[in-house]
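Note that chain A is present in both complexes that follow, paired respectively with chain B and with chain C.
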Partner chain A sequence: MSASFLTIAGRSFKSRFLLGTGKFKNKTDLSQSIVAGDCEIVTVALRRIDLERHEENILEYIPPEVTLLTNTSGARNAQEAVRIARLARSSGCGDWVKIEVINDSKYLLPDNNETVMATEILSAEGFVVLPYVTPDLYIARALVKAGAAAVMPLGSLIGSNQGLRTKELIRILINEIELPVIVDAGIGAPSQAAEAMEMGASAVLVNTAVASAQDPAGMARAFALAVDSGRLAFLSGLPLQRPTANASSPLTGFLYPS
Partner chain B sequence: MRLVLPKAGGLGSSYKDIMNITINGTSQQIASTIDLSVLVQTFCPQSRHVLTELNGVIIPHDQRSDTFIKEGDVLELVAFVGGG
Partner chain C sequence: MITLNEIKGILSDTRPECVEDLAQQAARLTRQYFGGAIGLYGPLYLSNFCSSHCTYCGFHSQQKMPRLKLEPAEYIKEMQFIHAQGLRNILMLTGESYKHTPVDYLKEAAQQASKYFQGICLEVHPMETAEYKELFLAGVDGITVFQETYDRTRYAQVHLSGFKKDFDFRYHTPRRAAEAGMRQISFGILLGLSDVAEDLLGLYRHLREMEKAFPGVEYSISFPRLRTVRSETLAACNVDDIQFVKIIALTRLLFPRVGISLSTRETPQLRDHLMSIGITRMSAGSNVSVGGYTLFKEQQDPQFDIKDDRSVDEIVKALKAKNFDPVFTDWRHIENVSV
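And then the complex of A and B:
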């Protein structure tokens, strides 16, 4: 079923469930969640090393076959995002980057314009760029022109678990943008992931809902199933909603004359 | 603040000069003959995948042993962490 593969920058993935690696209580929960969720792409971030205490190397908890997508979190403008992406690439761990440029600490909304600028610079340098944006058709078109490999619109505020508050704007991107549309941020339950996939999203990225679950690996599995379910529903063609009833069983020709 | 001196036999005996540099925003004193590779091993002995930026320039792994630290250098030592 080739239609069920997710293709980004020429690479195909069976899984349409991307996992963020932040906020996990321990690294074992993280590894088990990656496996339980069949995740093939996970996000990581970069931070200054704390010289006073030993910190675990997160890469040791991510299976080597998994594609790393470095998040530029912490960047407040395009230049900082570019700097983080270049540093990440110097690790030799690949050149896939999620551009996240945030200036606002209350809502953590991405700065779309700076994100387009960073996308343009990094795409020209050969990075595979997945920009995280507030869904907007014009910005998405600018990202296509700038060389993005996918567009990652937010469903709702980061870590809010509010689900698809931007659903109709994301639907426009799905309908109008040729690139994969990966719903990122705010997805707090498997049903919300399924909702995004039923609408035709190419994939979803989840972090908080898995990392903060009582059983993260169980929740990762639940998300993987929901994503597959939603995708299959989309491919199978969902029926239109109607304002009135439409009987599923014959209503005439049995006990009562019609 | 900590003093980083090369181990005996490692970088010779000319470590009488001590330099002040900044690592991750903090002042540090190190021996003047130290190269970046040794410095990373000293400050991050257990961390693999340490990324380095010296005075705003990224220094890849394979260039660290040829990169010597100078007085006043500003060094960033960065690693991968969990993120969404």
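And then the complex of A and C:
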């Protein structure tokens, strides 16, 4: 499937399955899941990185060839996200950043407007910015203008495992936005990841469903397979679904005698 | 979905299957929303001067006891000790005394603490918004303020004098702290002080009110159980372990994403069990007397009697053995600016 590389900011990835690193029972499960899922991009909250403590430092459990996507978890507005991203860069975490601006601790929904502002500032500073948003066409267009490297719409509330509740809105982004669309949050089962990929999402990001599985590495593998399968289905041209049966004896066949 | 109206019935249901059912549901939600993460923090008692007379407290103003306040060189030594244990979140506590631990004193302590810690919270006397703002700008991320009880009559009976006597000023403290920009606000009731079901209702309503008004704040709850101070029993009613488990489970069911902390007042055995049910934060390696880590190890009385005296390393081992992930850092210090 060489034609189906995921390209973000000029870098190509074979894997379209991004993994979040929170909520794992232990860090060994995390590193095994990254390997089992063939993940090439993982996201880590800067707030969870303790650079001083090697044994407890989450970065020690991420293979060096994996691209680190630091996220700004904990930021309540654009300015805080910007400060966290700068801190991440100066701490040696690279310049790939997932903007997460959340000012609601009950639903954990992202603040789209603040996210656009942060994207604009950080893109101008040379960051590769992947903003996490509630799917909205106008916001996605604004993100393109602001210099985002991809758009990450949520499938449903983070950690909810509810799947693609925002499916039709995501579909609009896939149709209209030229950047990679990576479905993030809410994907609770491999079948839901496949569903996102079948409709043309560029990639998916999963965390809770893997981290809270009985066998996280096994679940990571299952997701990797589902993502590949969904992608292949998309590339192969998924037949349209029809609400009714397709008559095998057409009504207008008589017009074209053989 | 449990509603607030069902709390009384659930608390008075004595069937073991009721507790088990609540615990199972709570455990599932906790795993879903927090995974195996248990945040660890260390308490640092800066001072035990207090101008409030609360009948249940070991530090109250009428108590004849040596009063101490750490000077910067002293608390820095304590901070270094806590930091060396691996902890990156600190909760700095004082008695309630504007006079002995004014804002400037707390500000300096926060500035020093930010050299060693990524998350800095205070549990001190309630203040005005402008004062919280100063502290926020000095690096304080959160505050803890317990209403203790939501029953006004009982509140008046146990808070005899001092600032703490003012129920409403205390009640609106979380609001003032949130207005100042604080990220974390921790609530609590002292279980055993009054009717538990009524107090829980008061607490839950208070929290809902704050969630609506300040959705961006990370809230957490503590449930200290009033038991003994210097082996003296002070509780008005007993909250046994069964009731305690129900309270934690109920809180998780009603507030799936809210943090629940557990202090070292509880035994290691109970703490280890409660982690699976709903606890998301705990203190570790705690010393609850002023200067107790490095300076004045023996000569004072603590604020309350500690039941879990395991070291940070021992707690980390116990957590990992039960497949929990001890979290030392859950925030990264960014320079706080006015919000």
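Just so we're on the same page, the second predicted complex is superposed on the first by the 235 of 258 C-alpha atoms of A that agree within 3 Å, B and C clash if a C-alpha of one lies under 4 Å from a C-alpha of the other, contacts with A are read in each partner's own complex, and residues count from 1 in each chain.
Throughout what follows, a contact is a pair of C-beta atoms (placed from the backbone, for glycine too) under 8 Å apart; a residue touches a chain by one contact, two chains touch by 3 or more.
Just so we're clear, the structure is a prediction, and the values are computed from it rather than from any experiment.
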item	value
First, second, both or neither for A:Asn161, with chain B first and chain C second	second
First (chain B), second (chain C), both or neither touched by A:Ile187	neither
Touched partner set for A:Leu108, first chain B, second chain C, both or neither	second
Partner chain in contact with A:Met117 - chain B first, chain C second, else both or neither	neither
Chain B versus chain C as contact partner of A:Glu80, first or second or both or neither	second
Partner chain(s) touched by A:Leu205 [first = chain B, second = chain C, both, neither]	first
Which superposed partner A:Arg53 touches (first chain B, second chain C, both, neither)	second
Which of chain B and chain C A:Lys23 touches, first, second, both or neither	both
Which superposed partner A:Val151 touches (first chain B, second chain C, both, neither)	neither
Touching both chain B and chain C, residues of chain A	22-24, 46-49, 83, 87, 159, 208
Touching residues on chain A, where the partner in the complex is chain B	20-24, 30, 43-49, 51, 54-55, 57-59, 68, 70-71, 73, 83, 86-88, 90-93, 158-159, 185, 205, 207-208
Chain A partner contacts - residues on chain C that touch it in the complex	31-37, 86, 88, 118, 183, 211, 215-219, 257, 320, 323-332, 334-335, 337, 339
Chain B - residues contacting chain A, complex	23-26, 43-44, 46-53, 58-61, 76-84
Partner chain C, residues of chain A touching it in the complex	22-27, 46-50, 53, 56, 74, 76-77, 79-80, 83-84, 87, 102-106, 108, 159, 161, 208, 211-212
